[in-house]
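Okay, got some structures for you below.
Here come two complexes built around chain A, the first alongside chain B, the second alongside chain C.
Take a look at the complex of A and B:
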């Protein structure tokens, strides 16, 4: 893509999220979300293959619907509160509509159907932006309206997301779809705790972004998009197999890796609020997620898949792709668990 | 409408599809009719007579798929069918398939363990060993637009292959708008799951299509369509040619997926895109070589495999002159 256009699109993307996070006027926040959607559509269509076009169309339709619902909720809130300030909502209808609109934007169940389809149709780096940066704006709005969100609706959607994220990712061989289902499940964990302790949502989001960034960067090194290609990594970059395994297990929430921290905090917070069944069920359904991460780790690092002879020479050559921040990201996504007291105090 | 078709498994009261077209009618029980012809030429025979004729032919030649227009109902036919019972059976069948689906989802992709799916290097996707295999295909010709080609599909000798045969006629239909005609095609039905949910094939670990055919020297076109939810993409397909030899020996045709070129609405596009193998919906064989006369194609099986010697990803290039949009 022309570098000027690239810079313009990326800066619009960054600016739009900043607008949503820092604005205190509902209309301005809505405009930020629209700019966000408009900016990422051309990025998704950098190579206008039919698949990318379909993915962009699906993304546009779902996000536009969500924006329309959001605007409806804002106007109902305006009717009942006569002010545009972003704070808790003054009407239960507005609250429910806004929650649903933001759930569509985030890809929470039962509005999750677009996430695997769109993620599968776009290149790996764009998928990374879709699953990390695009979550910031809707979560920031959810954080600000968290006192007025309907508990039952939110908990239902969150638990359904964790369940569907785990179940749907089970027999996928396409890695981008696996990451999409992982995103759905993680969004479920984040939104469960939103009404009890929104700071933990932010912590979970931060750790999720670090882990997803690590995973996508590892995948982009070899341009692997299927499990079979990932299982051939031992030929080309053996050290990557170890890191892939550690990152996957961290995403599954295994101690002593970083990914255990948000799950631990969330379960602790829920039990403090005398909710026992929900964290139990969440912990059990998180095992589904762990199962398919383990399967990927097994085929990548723990077994040496058969391959043709000419592939074994590649480890001798230096990798040509830039490993932007990869070592830092790997350390952050695997070794942050001892710093839990610091995060706990900070948040 | 789909339920009516499924219930009346031998006789039909009314068979009208919402729109004419081949792949748009996956609900037809293709034991008898193959396409929707709701607005076309006069029917060949009344359904009562047609069914008895079909039965005698069926007895003589085994399973036989014909193209028959079935627009007019016979007043003498009174099918005995229990609506409630049939609906209940249908619902039970769908729930059974849903349960199988859930169990298969737990086991792994396509109902088999993951390591088995990943290690697979060759797979037979369609083979013709019985009449239930023929039910997975739809045959069509330019009769849908008023032409005179005929095409039939039946099981071959000793149920080891399928025979696609008929007559091609490039006489244009006299409807004032078609200038050209003369095509016959055999297209696979889109795989469906429980409650007629659309499925697709995932061939991403394979790189070559393998066909065992025996033809008559005619050039056929192999078309692959991708699974899509967007209506504009239903006209897009990826094609390549299959040249058959006329000999008595079986021919093994291997077409790498990198060779398939992209076309939209029947026209090859300047902007060429690679065939992505993770969401394949259907495959089809088309004959349109402008040579009038009879044809046949015997197919043993259609499979996919990984050719380790084939490393090409895409055989065609896009040029900056024809497609500046792709090079911005």
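Take a look at the complex of A and C:
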């Protein structure tokens, strides 16, 4: 893409999320979300293949619907409180509508159907932007309206997301769809704790972004998009198999790795608020996620798929792709658990 | 909630239902999107004029600007789909299901 256009689109993307996070007027938050959508659609259509077009169309339709619903909630809030400050909403209808609109934007169940298909149709780096950067703006609005969100609606949507994220990823071999279902499940975990302790939502979002960035960068090194291709990394870059396995286990939430930190904190906060059944079910359903991560780690690091003898004797070239921040990201996504007290106090 | 407000909210709900349940053409989804934004424009104008909230008189116009940009993007995507398939039938958008 022309460098000027590329710079303009990236700067609009960054600027739009900043507008949403720092604004105190509902209209500016809505404008920021619109700019966000408008900036990422050309990025998704960098190579105008039919798949990318279809992914962009599905993304556009869902996000535009969510924007209109959000605007309706803002106007109903205006009718009942005659002010535009971003704080808790003053009408239950507006609150329910806005929660559903932001759930559509985030990809929470039952509005999750666009996430796997859109993530599948776009290149890996654009998928990274879609699953990490695009979550910042809606979660910042959810954080600010959290005192007025309906508890039953939120807990239903988040538990359903965890279930669907776990079960939906089981039947996939395409890595981008697996990452999409992983995103749905993590969004479920994040929004569960939103009404009890919103700082933990931010902590979970931060850790999730680090882990997903690591995973996508590892995948982009070899341009692997299927499990079959991932199982060939032992041949080209053997050390990547270890990193992939560690990052996948961290995403599954296994203890000495970073991914355990948000799950632990969330379960602790939920039990402090005397809800016992929900964290039990959440923890059990997280095992489904762990199963398909383990399957990927197994095929990458622990076994060799059958291949011809020719493929076992490749020239090992120096990697030509830029490994942006990969060592930092790997360390952050596997070794951050001892710093839990710092994060708990900071956020 | 007065009758006028119920009228406009009903218009919004009709457009939303049309957006969610279109049968074959993508164009009707885009039209319903525009209908939703139009009903929001009217609702916002009524609310702001009714409460004499003069400072917010610009808000519906700004809303309209961004809705127009969104419609332009929607049409551009529709044209890309038309380039590939020749029509805008939504049954054609089935590449990403497996």
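General remarks:
Here is the rule we go by: the second predicted complex is superposed on the first by the 340 of 347 C-alpha atoms of A that agree within 3 Å, B and C clash if a C-alpha of one lies under 4 Å from a C-alpha of the other, contacts with A are read in each partner's own complex, and residues count from 1 in each chain.
FYI, a contact is a pair of C-beta atoms (placed from the backbone, for glycine too) under 8 Å apart; a residue touches a chain by one contact, two chains touch by 3 or more.
If you're wondering where the values come from, they're calculated on a predicted model, not measured in any experiment.
In the superposition on chain A, contact of A:299 is made with chain B only, not with chain C. Within the superposed three-chain model, A:15 lies out of touch with both chain B and chain C [touch as defined at top]. In the superposed model, A:38 makes contact with chain C only, not with chain B.
In the superposition on chain A, A:120 contacts both chain B and chain C. In the overlay built on the shared chain, the residue A:228 is in contact with chain B alone; chain C does not reach it. Contacts of A:48 after superposition: both chain B and chain C are touched. By the touch criterion defined above, A:96 lies against neither chain B nor chain C after alignment on the C-alpha atoms of chain A. Of the two partner chains, chain C is the only one touched by A:27; chain B is not. Of the two partner chains placed around the shared chain by superposition, neither chain B nor chain C is touched by A:254.
48, 50-51, 53-54, 57-58, 117, 120 are the residues of chain A that lie in the contact sets of both chain B and chain C, per the superposition on chain A. Of all residues in chain A, only 27, 30-31, 34, 37-38, 41, 45, 48, 50-51, 53-58, 60-61, 64-65, 67-69, 71-72, 75, 78-79, 82, 84, 117-118, 120-121 touch chain C in the complex they form. The part of chain B that touches chain A in the complex is made up of residues 105-110, 114-115, 117-119, 202, 204-205, 226, 228-230, 233, 236, 262, 271, 273-274, 276, 278, 308, 325-326, 328. Those residues of chain C lying in contact with chain A across their complex are 5, 12, 16, 19-20, 26, 29, 33, 36-37, 40, 43-44, 47-48, 51, 53, 56, 59, 62-63, 66, 69-70, 73-74, 77-78, 80-81, 84, 93, 95-97. Note for the complex: chain A touches chain B at residues 1-2, 5, 47-51, 53-54, 57-58, 117, 120, 167, 170-174, 226-228, 231, 295, 299, 305-306, 308.
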